[in-house]
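Structures given as structure tokens follow.
Paired with chain B in one complex and with chain C in the other, chain A is shared by the two complexes that follow.
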Partner chain A sequence: MNSTPDFLHQPYWYTMGPMMVVAATAFVVMILEFIFRSGNRRWLSGISMLGILVALGVAIRFDVAQVHQAAWIKPQLLLNTIAVDSLGTVFSILILIGSFLVLLFTFDYTGRTKVAAEHTYLILFAVVGALTMATAFDLITLYVGLELLSVSSYVLTALKKKSLKSVEGGAKYLVMGSIGSATLLYGFSFIYGISGTTNLAAIASSAQDLWATYPTMVIVAFVLVVAGLGVKLSFVPFHMWTPDAYEGAPSPISAFLATVSKVAGFAMLFRILVWVFGSGSSAEFYWIAIIAAITMVVGNLLALPQKNMKRLLAFSSVAQAGYVVVPFALFGFITASQDWYGTIDSVMFYLLAYTFMTTGAFAVAHLVERDRESGESDALIGLARRNPWLATALTIFLLSLAGMPLTGGFVGKFYIFTETVHLREVWLGIVLFGTSVMSFFYYFGWIRKMFIRDPSDNPVSPKPIQVAPAMHTLLGLCVLGTLVLGVVPAAFLHSLGQTPW
Partner chain B sequence: MGLLFWLTVAPLIAAILILAIPKLPQNGYRSIAVLGGVASLIMTLIAWGLFNTGNSGFQLQSTLHWFSFPDAGPASGISIGLNFGVDGLSLPLVTLATVVVTLAMLSMRKTDRIRAYSLWMSLAAAAAIGVFTALDVFTFLVALELGLAAMFFLIYLFGDPDTRVNAAFKFLIYRGVASVMLIIGLLLLAFGVVGAVSGTQPGVSLTSAFNLQFPSLIHWAQTVSTTDFTQGARDAIFMVIFIGVLVEEALVPFHTWLPTAHESSDTATNMLLGGILTKTGAYILLRFGVGMLPGEVRHFGVLIAVLGVINILYGAFVAWHQSDWRRLIAFGSISHMGIVLLGIAAVNSAGLQGAMFMIVSSGLLNALLFYTIGVMGARTETFDMSRLGGLSKQMPMLSGFLLLAALGSLGLPLTSGFISEIQAFVGAFESYPATAFVGVLGLIMSAVYLLYAIQKTTFGPAPAGSSIGIDARPAEYVPLVVLAGLVLLVGVDPQVIGHFFNLSVQALLRIGG
Partner chain C sequence: MAAYAWIIPLLPLVGYIFLLLLGKKAPEGFVAGVSTILVLIGLGLSLGVFSSLAGTDGAVTYTWKWLSIGSHNIDVGFQVTHLNALMLVVVSLVSTLVFLFSLGYMHKDERFSVFYQYLNLFVFSMLALVISPNLLQMYIFWEMVGLCSYLLVGFWYFKPEAALAAKKSFIVTRIGDVGLFIAIILLFASTGSFDFNTIFQAAASGKIALGFISGSGLITLTAILAFIGAVGKSAQFPLHVWLPDAMEGPTPVSALIHAATMVAAGVYLVARLYPLFELSQPALTVVAWIGGVTALLASLMALTQRDIKRVIAYSTVSQLGYMMMALGVGGYVYGVFHLMTHAFFKALLFLAAGSIIHAIDTQDLFDMGGLRKKMPITFWTFLAGALALSGIVPFAGFWSKDDILTATLKSGHPVLYLFGLIAAFCTAFYIFRVFFLTFAGKPRDEKRYEHAHEGSWVMTLPLIVLAVLATIAGFFNSPLNGNALEKYLLRDAGDAVVAGIPTTSPAYLLGHTYPANVGLMALSVAVGLAGIGLAAWRYANKNREITVPTGEGNFLYMLSYRKFYLDEIYYAIVVAPGKVLAKISDFVDRYIIDGIVVVVSRLVYVIGLGLKYTQTGQLQTYGAATMLGLFVILAIALFRQGGVF
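Moving on to the complex of A and B:
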């Protein structure tokens, strides 16, 4: 007989385990932060990364075979609030990968920049919130997760308290984000009002009746929820805070907002759209499709005139979010149950590729900004000579964001496009690829700048940019991830195909 | 992994080596790139030997499962193969590509950025070859987009400092739009031929997993019924692909990027662009248009033929008024591609064969013209005809090759241009006599602009103050003799390449019949 208690063998812990590991690490780091108040505290980042890696290990060990496949709408629940399903687990894995990259980013940042050291555990608490959004199965818990993520993010954005831009960005994000949260909560109150429950499974089973009985209320709730989450995911027209927050925030935090925070937002959007609104008519999904189209077009248009690197990446991430919403809009047009699999796979694949390429682009932008003391994209001039490795890495990230082949971005876009063809909403796919051509202007514009010779540089041996080992590791991982997803996409697609959603 | 796999990836391997090996002497990187090209060329010759001309299907196939999009498409999962193969249509074009690629690599100019030059050249070469060898829509599109990115870098990094930014971005946006239209069109076509665009369920019973391989698509295209793949859907998909091809080929009214790109690029890039990359569109029209939507090619035949004639006349007319040789060649190329359109529109044996001859001939002649003009331009430091003259005295051999290339372009007998124009027009007169009659005027005009340009450049007095140039150096004879030799070989004995595609053309016509 095994001496360990039986409950440790429950698959539940693989879903909730990562959350607990990260939360425990966060508390430990917070306490250590109070004890060791001086000196180099980079090792705290090290502990945080270790915690994330352990959580990642626990999440990957989650054995999908133990999940009852038929229980899609009503998965096994832990404490009646946390869903034990592959959807939550895969979203958690994406969040943890993104968080690891961001922490690696801060590892270098902490050592060089005088920034409040609290950011390490704040990021960890934000990750706990993100993981909650991915796995929670109850409106209240989802909202608590969102608030945990948001409140930590507000503080993180304004962390450079001496910098006016950082404070301004934080304040804008706080105001807009709070309005978004409030709107979302207002929407939740309607859902609770008509269904009498906050549990997603219970709502899902009565959703058909609700649509028939209270159509107006459901529409009102739908509009409020999408607007509320739209602020967090910076869909157009709820994107106003994005450029200011991304520009002002410390670079690792900008990367965090663009990747981890968005992945978590998409996880929550998925739960609510499918479980609360999925069983109604597909009419409201047309609105998601229209939001996707507007986000793609406006995000790319607004990115065109940007001169500041992080502002451009902010608008680029708005546009990229538009690409990911396309499969969400397709949910409304699914007739055969197997079509769910393909659309979910395409979301997951694109989000992973997006995490690698966006984090990498922010990292290079950060290094260049620090070296040149200018965040303008003109600071990139001469990069190909000053540091060919940084230029190569950034070229790969930008080519991937633009959707060039042999990178994850191309495979991801192609996958999403095949879904739009398959589900007969080709026009969304056409907008997707059409706006990609628009994005060539600014992505290739950056690439162009890197290859211009900087007249102020020494022509023989230009001053190289100092890159710390941690940043080399980060860039190496991001390049590897972007290229592996493009050259051997099976590395991730195969496991996605095996996952029962 | 067979011969064609290695043939296609040889330049790619060269590119990886160039990236991986640090600190080689200047010529080291160039040699790696050239070796990659030569390896492809040798394998192409082996492929000639192995090719069975009595078989109209795809041969020498090398299949390799790449990955699958799980749970996507009409039959749970799309299998993507890194598949390569050739038939009679693609083998001559693969040969053209490997020959031009190798010669272009030999003509890379000396620069302190030879490593980057060799790298992008090798990538562009792999893409250019891959477009013709690919046997899977996904692989094909990867090659197409890779070529787009690599050519952007070639034009931008090594082009004329004053105009390269404009030219590179114009190229990127036009070809980018073309690629996007082709992605959309080809994927819709793939879904369409299994009946998954018009109907809700696949109309064709899928015995194997849904895939994007050419042989499967051709097979499905022949079996799908008109209720599963309606006329309206076919028309719409064909138009998307056709407009993509027009942009890709730089045909009127989407042609403005080509003269700008040629004018701003250096010789090796121009050989690649004029010799191969402007021929991919015609190949796409043959492969996917005539090969999979033959009914639509007939249906829109008048439109295609009229567009062809417009291009023949417009290209020739505008070429007449150019003073820059590179712009003249660009417009001449547009005129040639008009003849290809006319030949394809005819959808008969003579027309399609003429189109094939013209694609190969125009590729060879463009490469030869750009090379000769590039060498002359390096000596005289200008491409402007008004500042050139009397070159036949200073550079008799180069002037001779230029004259040969020009005569080939205007379709003199015993050059490759002759058989191309004759065949294409014979085909066109059969199907669209009136339109073809107007098109013939273009032949007269091409004689006018080419001879006018030759007369200005090589004869007459040299302009005052022009430097004395030297004639071709021994190393420069390699591209000149190879290209000129091929032009004459095809002209004297067209069956050298003709017997490769005769049967494939007949097979295409059976589909259409």
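Moving on to the complex of A and C:
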């Protein structure tokens, strides 16, 4: 045996690989940003995208190796803080895909709008935080990842210094996010108090005893953790910051908050629920079911009367979070081990579809808003004639968000619905179905507006909207993702569901 | 080779998308050329697939997981059996010729490109239907061919008859589709799969049951429900009424969709599900009798029609009846064989009719006459088609029709045999009535006659190719050829070997075969010749004046001419009560349901508006609401837990 440890051929290059690549890119971009103080600095976004792509490559390579069960890959712990498992890897892939789309969005945004250039590497640091949330295996590390993501997000939201709404949204997000962090940390302190450790594996092994000995403490910790993360994931009644932050933030950042930040939040919620609270009674998971139901109902109700596009998308994302959290409520009712795969599969599938359709919807809303200089949904009137491609793309995203067949959103909802039926919690499925019907009302309101004629337009040749190639690419990717997931869902269900974890 | 079968449907899909992107203004020759070449490549591939399966047993299947629900997987993919391979060849061959023909027929139509788009979409759906490996995928394409048929029948939508006919064809076939859909759901519920082979195996081994329905009961039920779908699509009695009306579509469409391919899909469905049907004698009996009655009734209706296309349409209904009858009496091979020969000679007859209509611009038989000199190619090719249809030796129809009649008699169905024989007589009579009225004698409308001319090569070439096929296609399965097709098709029964089920299991026998009988052959040819003779005596006789029949006082004539009054009867017992029902439900919907919906939606909106005011924009409110929510949950949780400490 060689006495010097072999640092090169270690699995942590793969699980921490994406994180390291993104962090390194962030530092490089930060230094470059200091060096090149003037001129068009869009290329910084380009470098960032490149970094994200490399990280994505590393993550996918690791995932493929796991699916084929290569000998050198075994789920294991590294330094007791990071888990090498495919749950983390698949969530990392979701996060990186979302980040790439958001950076593509920023690439276009920075070319036209003056914003502080710091934001490019801030996004990257936020992504590092998100990746940490997906892979960390220790309460402290999880929390550090969450704060890295959150603090970057607060700054990013308030990026438009001259815009009152942006600063206001950032401030509100900061205060509410801090409340969430405090609550979460308070919940962690209970867990640490009764178990004496912050390591998830250690907690999981002794969870059964803790449940029996300190039921009340565990309930308190559970509620605090769910509420704390609920603020970040904007569950009702912890959602109130959402519309203000989304409306105020620059559009790419709104998309970031709605997609990447949420995926990471769900990953963390999943980790904690399974490892800390998974072996307890099913009673406390009822709270998640109730929160899911309330979030679906209130989110959709609030979206109904919204006139502003980004505010409507914000409430729609609240409702979508309600759909995604439905499978989490089913954890308490799982007995067979393969049912775990089914539920987590449905979460991941929906999050992937959700990333594509939400980013796409924000992108189109942003383009329309810039063209008409109005964020009201009336700006959509006549879009089908001004730019048929934008109208088609947005129609596809909205249909997917509403859950029409042949789109990823439908398959995702259908999958969650079948899980509720399978695990005999049909009432949640019915709420999901009922509130989706409600959502048709406001999504179709937009579609209707796009396809009616704007009286102020020139009837023969309406003024077309200028769209840059980067945005075309972004929309193309999102449309492709939404449709491919809807037509051949098994292509992704397969890769997600077969990974051992 | 069979591994590349998926390319065959893909080609017309590529054509469809290409034409769609090209837009409506694309030049005619280019549009038709691209489409025809793509389908022609498909034909080459089909022939390759067809020949590669010769000498092999069983099916070639490729599937991918599409969706999994619980423990059930739903696959997509494609499957090539010997039956499928034959269908691929028939569909792509007829499509190629019709694509070519349409270039001449649709010349200068305003929506020329759109016509080819629809045709391409149809051919794609039809080919994809043929190679579907499971019922769900098949059903999707089943509905898509229905949609294409609707679009193409109503292609000249500005003609009110065409719009009405399109609607009628769509609705009537939908009635049948409901049956098929229920059958698919029942089969999935009882076997947990849409896959053909899985269903057949479950049925054969008796592992099929659903609640209170027994296994054999379920097989009969699903077979009959699926057959209802076939009845709609293949225009069998009592749902045959849509097909003659569908003749309002352009004639190439009639040739392709309403003679050779789509209407044969019903027959194909029964053939595809044959292992299921074979397990249920009642279902087979139903198939046989519906087929026999349809063959007879439709041939009687065809006797007196004045519209050339309607005569051929009723003839199609009648011939499809023959195919169903063959399947019903156990003559699987003969039904499929007749499907093939019929596709050739019926497409030929339709295209020839299209050539005539194109030349003299009328469909009324009593405005024609004497066209032989003006249109020699059409004349000779039509004659080949008519002889094949009448079942005169050695034309294609003779071999297949005779096989069917033999199988019907030998399997112990003398009444059905009699039906078939009468229908054969009528068939020979009505098609030669058309023949003589069109080509023989003196022109009855001089002005139209003057304009008549043969079409260009794009129209005559398909006629010639089809005429050759109508003449020789029968030899593929004649005793002279050692019944080659029969042996080829029965290779599908070899699936049983692959699946590990003994071949003696009746599920995989695929019907029975009967040796040719010279006596019965002679009888059916004699009957056919008698029909031709009667037609010649009546319509090609210089001593008899041809007048437009009024039919007054002649009950039998009117019965046939008015199609046994079935349209009127349907109107009285289905449409009229339906309208009353519609009025009632309209009232309920408009004033009661709508009222409730409006009230609910207003209510929801008002609640949303109310909630909107919770969104004050005040940070203090947000924080308070969050903390309040947290405390409420915490309090209830602790209370339920039973105390704090």
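We take it that the second predicted complex is superposed on the first by the 479 of 501 C-alpha atoms of A that agree within 3 Å, B and C clash if a C-alpha of one lies under 4 Å from a C-alpha of the other, contacts with A are read in each partner's own complex, and residues count from 1 in each chain.
Just so we're on the same page, a contact is a pair of C-beta atoms (placed from the backbone, for glycine too) under 8 Å apart; a residue touches a chain by one contact, two chains touch by 3 or more.
Values in this document were obtained by computation on a predicted structure and should not be read as measured data.
Asks: If you stack the two complexes on chain A, which partner ends up touching A:Val298: first (chain B), second (chain C), both, or neither?
Replies: A:Val298 contacts chain C only, not chain B.
Asks: After the superposition on A, what does A:Leu399 contact: first (chain B), second (chain C), both or neither?
Replies: first
Asks: Which partner chains sit in contact with A:Ser152 here, chain B, chain C, both or neither? Use first/second/both/neither.
Replies: neither
Asks: Given the touch rule stated above, what does A:Gln320 touch, chain B (first), chain C (second), both, or neither?
Replies: neither
Asks: After the superposition on A, what does A:Tyr341 contact: first (chain B), second (chain C), both or neither?
Replies: First partner only.
Asks: Which partner does A:Phe238 contact after superposing on A: first (chain B), second (chain C), both, neither?
Replies: second
Asks: Given the touch rule stated above, what does A:Phe444 touch, chain B (first), chain C (second), both, or neither?
Replies: Once the two structures are laid over each other on A, A:Phe444 reaches chain B alone.
Asks: Under the stated touch criterion, which partner chain does A:Ser166 make contact with: chain B (first), chain C (second), both, or neither?
Replies: A:Ser166 contacts neither chain B nor chain C.
Asks: After superposition on the shared chain, which partner residues are touched by A:Thr135: those of chain B (first), chain C (second), both, or neither?
Replies: neither
Asks: Starting from the residues of chain A touching chain B, keep only those that also touch chain C in the other complex, and list them.
Replies: Looking at chain A, the two contact sets intersect at 342, 418, 422, 441, 488-490, 493-494, 497.
Asks: If you look only at chain C, which of its residues touch chain A in the complex?
Replies: The touching residues are 64-70, 76, 601, 604-605, 607-609, 611-612, 614-615, 617, 619, 621-623, 625-630, 633-634, 637-638, 640-641, 643-645.
Asks: Quick one: in the complex, what on chain A touches chain B?
Replies: Per the touch definition, chain A meets chain B at residues 335, 338-339, 341-342, 345-346, 399, 404-406, 410, 414-415, 417-419, 421-422, 424, 426, 429-430, 433-434, 436-437, 440-441, 444, 448, 451, 488-490, 493-494, 496-498.
Asks: Quick one: in the complex, what on chain B touches chain A?
Replies: 66-74, 76-78, 138, 141-143, 145-146, 148-149, 152, 156-157, 165, 168-169, 172-173, 176-177, 180, 183-184, 187-188, 191, 196-197, 200
Asks: Going by the contact rule set out above, which residues of chain A touch chain C in the complex?
Replies: Of all residues in chain A, those touching chain C are 171-172, 175-176, 179, 183, 215-216, 219-220, 222-224, 227, 231, 236-238, 240-241, 243-244, 283-284, 287, 298, 301-306, 342, 411, 418, 422, 438, 441, 488-490, 493-494, 497.
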